[in-house]
Amino acid sequence: MTSPATRPFAHPIRVYWEDTDAGGIVYYANYLKYFERARTEWLRNLGIEQQTLREHTGAMFVVSESTLKCHLPARLDDRLDVTVDLRHSARASLVLHQQALRRGELLADGEVRIACVDAPTLRLRRIPEDILELLA
Amino acid sequence: MTSPATRPFAHPIRVYWEDTDAGGIVYYANYLKYFERARTEWLRNLGIEQQTLREHTGAMFVVSESTLKCHLPARLDDRLDVTVDLRHSARASLVLHQQALRRGELLADGEVRIACVDAPTLRLRRIPEDILELLA
Amino acid sequence: MTSPATRPFAHPIRVYWEDTDAGGIVYYANYLKYFERARTEWLRNLGIEQQTLREHTGAMFVVSESTLKCHLPARLDDRLDVTVDLRHSARASLVLHQQALRRGELLADGEVRIACVDAPTLRLRRIPEDILELLA
Amino acid sequence: MTSPATRPFAHPIRVYWEDTDAGGIVYYANYLKYFERARTEWLRNLGIEQQTLREHTGAMFVVSESTLKCHLPARLDDRLDVTVDLRHSARASLVLHQQALRRGELLADGEVRIACVDAPTLRLRRIPEDILELLA
């Protein structure tokens, strides 16, 4: 999807009926779904499958904070590129900047903090060492 | 919501932006969400909380079959009544007829079969006896 | 729902299966849906129906910015109160602070800027005068 | 996605967090979203963009009936193939059979009737002639 040297990572997303609302545009909360799909593919691209991660380590990523700015509306049939740019990584959380673009034009962007928790208890825990190394 | 003697059970639902699509009407798959909310309240009205049921018995209801007919469109701000009418109960599944009405006018209806499964394995199991008695 | 004198406005919301994810908790983007339902009821409580507003004036509210912090997870069957507190009103936009509470405990909160646009063109426009008066 | 000679058409879909529920599996109503994404790509593959169709002819497809059978659960990170097989075409509606498969294993299937309506009035109308020819 992205040539190896380029950053940030980008994931293509198509706008379907389910994504739109009666205003004729993409319902704003759905950008957070798009951002999550792109983060999932960014992790997968690094070799991290979240279902496998949970089964093997008990670790799960949850969103603890997010911001979203909607600049221009997206519409049915639009083809978007949703980017993932790691801004900061700490022991138990990551901060990512994400954008939704349509042919290079910025439609929406935001910052998302994902925290690593223990799946059964939902308590904060260290991000597994091998993931931190992959992100470094 | 319904007087004790009346059938079927009805649950009020308001149409919000999230429910609509760019056609200006309620996105059809969302009727299945409405039906599920009404079933959940119907069960709660019988004294059955699904989270508690699962913690105490390991049993969980899943939808195994559904049909849906859309007769007239619902729109933003509409106030709907969604009904639940138990049509058939077997050892491991229930069949319900559900309607979405707007001031008595039928907008959509369908039949839903919910099956009782063991939560960890998702294998079919008998519906707990006390639930079958409540439904009888 | 709220006694006339109390602020902020609060709207009750029940957590259904549709709202949860495989982490066993409410999917974070769904708090933005909850916030919007509460805003819609807050407007309705002031006498403003958005479908009617659009038909009569061509004006429509869209979300231009939002922040969200998730403090504690909500689960299936939880009964939440979602608040709306107007923080700032300008000519073409409003800023609201919103909280999701469970028996008084803060689960999530955020700030939402809603902008007034002309429905067909989606261009910014003044909020209709009578709405600004209702909010004052 | 499919070689030109093969039928039915298939569209790949990945299961994300947004698609799952607290049962740990894909929420059943989301199969209807998957089916719609596949239908949209099937139409696009035939040269039909629905946004363009509406702007040029005023015609819009809406779902009037659907059935869904869930055979086996799908989970986070699963990669599905969702098929579209035209079963019947009439003057104002099409009937399609759709399946969700995981490595050839049938997880869910159903039949969907889509009706052609006039976008502003939502009244039934003939499917545009060139679309019927493309489908023949």
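Odds and ends about this structure:
A, B, C and D are the chain letters, set down in written order, and residue numbers restart from 1 in every chain.
Going forward, contacts are C-beta pairs under 8 Å (C-beta built on N, C-alpha and C of every residue); 3 or more make two chains touch, one makes a residue touch a chain.
Everything quoted here is computed from the prediction, not taken from an experiment.
Chain pairs B-D and A-B differ in how many C-beta pairs are in contact, and the one with more is B-D. Listed candidates were B-C, A-C or C-D; the one reproducing the A-D interface, defined as more than half of contact pairs identical by residue number, is B-C. A straight line joining the Cα centres of chain B and chain D is 24 Å long.
Chain A and chain B have centres, each the mean of its CA atoms, that are 33 Å apart. For chain B, residues that reach two or more other chains under the stated contact definition are 17-18, 23, 25, 29, 33, 36, 75-76. On the side of chain D, the complex with chain A involves touching residues 14, 16-18, 33, 36-37, 40-41, 44, 49-52, 75-77. Residues 17-18, 20-25, 27, 29, 75-76 of chain A touch chain B in their complex. Looking at the complex, you find that chain C touches chain A at residues 23, 25, 28-30, 32-33, 36, 60, 62-70, 73, 119, 122.
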